[in-house]
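Both of the next two complexes hold chain A, though its partner changes from chain B to chain C.
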Partner chain A sequence: MKLNITRNNLGFSLTEIMVTLAMSGVALGAILTSSISLQKSFNAIDTYFGTHMQQIRIVDYLSRDVKRGLIVTTSADLQTVTVTVPNYIIQKGDPEAVANPDLLNTPRNPTVAYTASGPQVNYGAANSTVVYSINGQSILRTEDGNVTTIASSTDQLVPKTTDVELANTECAKTTITFQPIFTSGGSVAAQSGTTIYSTAYLRNKRRG
Partner chain B sequence: MKGPSKHHFGGTTLTETMVGLLLLAAFFASIFELNAVCLRYIDATKESVAALQSVQDRAEMLRNLAFADLTNSATVQTLMATAPNAAPFAQKATETVKISAFPTPNGVTQFTRTPAGNVTTDSTATDLGHQLVKIDVSVAWRMTLGGRSRTEQTTTIISNGSKK
Partner chain C sequence: MRFKRPKTEGNVLICALCTIMVISIIGANVLQNCTTRFNVSSSQVRSWKESLFAAEAGGDIAYAEIRKTMLDPTHAFTGWDNSGGKHVSLVTTFGANDLTTSTVVDSFYTDSGGNPWYRARTRGTAPVMGLARTGVDDRMGAGTRGDSLLRKIDFRTDHFIASYGPNGDGVGKATVAVAKPQITRRIEQISAPITPFEAAIKAAGTFYGLGSAAYIDSYRSSVGPYDPNVKNNPSDSRYLDARSGTVEINTATATIQGNIYGNLYTNGGAVVKKSSSVSGVIDNNVPFSLNDLEMPSTATWNYVASPTTVNPNTVINPPTVNGLPRAGTASSPNYYLITNFVSNGSLTVNPAIINGSPQDTYVTVSVTGDIGNSTSSQPSVTVPAYVHLKVYFTGNFQTKAENIINTSGYAGNLQFYAISPTDPSVQQTIDLNSGGGSNSGFSAVFYAPSANFTINGAPDITGAIVCKNFYANGNVHWHYDRRLDTEGTAVDYRIVSYVEDIR
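Up next is the complex of A and B:
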């Protein structure tokens, strides 16, 4: 009796395997490339939002100090800003605090002088000095020697402030840019496209 | 006797392959669309921040005016011809400024600045008083994300006097 031979043709030919490998390679390459591109894109977006918030924080800090300042000066490269601020709060060592320690850290009562051009508010001769500067990748705020890092970024965060003297007052115009890590076609995204503009007028500067 | 040969072909059919490819394409299309939405969110965020700075800068410009100028329609209209700042956002936003006496208004002086920079006086208040005025500054624009209408607004009180 002849045995019944079952022929299971389950194998692949060399051609089939080669074609399959080639197609799989292309698909895997596409998946890997896409994954890397998307990962880079999401990372860039995350960094962009993070730096964007730092821009807003710098604007907030600087505007607050400029608005309560008496004088604003900027360095030649526009990257260091010095604001002279009245001492609104009675601090340790001030004559008021020496005379009455209970007044320490309380608001100082200003004197108001009525002049021909309007009332003039005076908080005393002593002032505080606030300096905004760039130190490496950080933006620093230094008030009477006390340093606070208000922003830190690795993507070239650059604030530039111009103090504008007007006939009746003064204002500080600030632009803040950074270098986004997006790339397109090998070219790096433009830093100018990230600019935030801000203007703050000095409240304590006499107007006409 | 020779029995029937059994051929077991383990490959996938064209239909199965096409469905698989379709699912893969849909997956990648979703991922890339998600990425595109993220990029458009960046644009929308930039617009929102620019709008916020725009109304703040306009409020600062108005605050800097002498009170007599602030209550003078011609002066404010001339001032508004200049954009609040150099941001490109000003070229796509419509800006509205309303001035009224505070705390009791007697009419509203309203100005509108188009994206092209044309300023019109929509209404003039009967009396803005001599002590306090309320300033409403708003910008309206159509956002990049979804083309929806957006507005940003701020309100401030300005007093007559040389110190602010």
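Up next is the complex of A and C:
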């Protein structure tokens, strides 16, 4: 009797397996590398866009305060901006609120005073002071001592504001740049390419 | 013949599904991030800015109505709810994005001239695209918030009414649903009256003058008498008051001579600052407009029938009421209608005397026609102390500077108003001639927006002039009294204060 032995020849030879493993390794490496690059790229772009939105936020904060501002001054390095704004809302501890707590968080009534430079509209006896400054990687807005972080990024946001006093009006010109993290070497061009510009005029300092 | 089915197809399906799932997760993550950024950049930032545009547009509408109270009183605040001492506008919808705005105007202050100051509180609303569940971008850092502190979006309810009430005064707090996401911003603007005499010289047309040795300076009579040395003494507390002799010209034609201790404004002129000629700023981009002057309402004035002609020795004494001379008030002066001011007429207006003491006496004279009509004319007007005289005239004015006699020395006590001709082809003129010297001057103000004003000679003038074209060729010493900037009935309004309610 002769055994009918069926040979299973569906397997792979060692050579085939070696070749397959080599090709799979290359393919897997490529996929991994691509995935990591894609993830880095996505993070970089997301961070870039997020930082850009923070640029806009800084500009919007500044514009809002400058428009309602009475006086704007900037530091020598242009990175600290001080805006004097009318003290429109009665805050906790203000004399009006102490005298009548119901007035807390309500708008003040304007008063008119005649000064050497002409009639002047006042809200309360004193004005508020808003200071914009840089602290590490954060941009701070400090109003009468209350600190708010309005922007924070590892992309090194750098706002610079110039106070421009024209013949009979005044404006604050702001540029904000940042250093995108995905660029190599931190080139000047990469930073300057992120610049946005803003000009806000003081509404309370008018012509004529 | 039997085919053997491959045993590996289930693995392929699982692999394919896993791949699709991984790719879908990655895609969803990317889409979520992009959507958040897109909502902020495309929708929320835009709406935040548009809501301010809407508020400022509403402020402009309110400002236009406030100006009408001066320029077109009949139609001021027409269509608004004018009750309770306030003017409340309807809600105006405009723009491609259906922006809305509404304003509440009230008068919060009345100055010494009787002119009201107006406060306009305006809200502007812009819809925010996207669904109500869309959030703001607060991804910034641990313990910090990003956009939600700045751009306060009402996704489902109006946060302002809920926290501060509809008027922001804490009254009527309620949870009010919004139809769709929106941003509302609120601003408050103060409109102040523009008084007629806020500059030493204001010319709507061309300007020539003064003489090469002339000067314009200023002082404030409520602080002290004029002192020529103050303008050169920075340590003097009146120094600023002494350097406010501002000249405003609404054309580019400005021939400036002499010294101006104050600012100089032109409309497109090319005036260059010389260290000795203008002490203040020169701004060649300050346009303004002067409206024709019409005779104001006399409804509250106390009409006195006589005299109607001013002859060489006409004296006006106050009328007697209940045995006492009527001194009148600024809003209800004694009013005389003069139909003939002869070429050499002389008008003297006396104060009311009660118990031997002169009283502040308010008199208004309206002259139909000219006051002096040729170079040989020498009409005169004399006001003793305590008399506040306003002279309205419809024709020309021609006399010598020394014939304008104001004993008090305060220019606000003698005010001339030139009613604009109804015929635009008629050119109104005011000519003052003088031989010069301190005795040839006068203290008075002229408001003549349609008249050409000419001064020959070198008089000393204390006061202010508003005119069309200005010409002076003498070495005039012109002293503007800063007290005049609150004198006279307002001629227009300007916005002097801007505040945003950032709550």
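The rule is simple: the second predicted complex is superposed on the first by the 148 of 208 C-alpha atoms of A that agree within 3 Å, B and C clash if a C-alpha of one lies under 4 Å from a C-alpha of the other, contacts with A are read in each partner's own complex, and residues count from 1 in each chain.
In this text, a contact is a pair of C-beta atoms (placed from the backbone, for glycine too) under 8 Å apart; a residue touches a chain by one contact, two chains touch by 3 or more.
What you see is a predicted model; the values in this text were computed from it and never measured.
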Inquiry  = I'd like to know which partner A:199 touches here: chain B for first, chain C for second, both or neither.
reply    = first
Ask   = Taking the superposition as given, does A:56 touch the first partner, chain B, the second, chain C, both, or neither?
value = both
Ask   = Of the partners chain B and chain C, which touch A:138 in the superposed model: first, second, both, neither?
value = second
Ask   = Just chain B (first), just chain C (second), both, or neither: which does A:121 touch?
value = both
Key: First (chain B), second (chain C), both or neither touched by A:25   = neither
Query = First (chain B), second (chain C), both or neither: which does A:42 touch?
reply = both
Ask   = So, does A:34 touch the first partner chain B, the second partner chain C, both, or neither?
value = first
Ask   = Taking the two structures together, which residues of chain A meet both chain B and chain C?
value = 42, 49, 56, 117-119, 121, 166, 168, 203-204, 206-208
Task = Flag every residue of chain C that touches chain A in the complex, lowest number first.
result = 30, 33, 37, 40-41, 45, 48-49, 108-109, 111, 117, 119, 137, 139-141, 144, 146-147, 149-151, 164, 168-170, 188, 190, 192, 240-241, 248, 263, 265, 281-283, 285-286, 288, 485-486, 494-503
Task = In the complex, go through chain B and note every residue touching chain A.
result = 1-3, 5-10, 24, 28, 31-32, 35, 38-39, 41-42, 45-46, 49-50, 53, 56-57, 60-61, 63-64, 66, 84-87, 161-164
Ask   = Can you list the chain A residues touching chain B in their complex?
value = 2, 4-10, 27, 34, 38, 41-42, 45, 48-49, 52, 55-56, 59, 63, 117-121, 166, 168-169, 171, 173, 175, 195-201, 203-204, 206-208
Message = Can you tell me which positions in chain A touch chain C when the two form their complex?
response = 42, 46, 49-50, 53-54, 56-57, 60-61, 64, 67-68, 86, 88-89, 102, 104-107, 109-112, 114, 116-119, 121, 123, 138, 148-153, 166-168, 203-204, 206-208
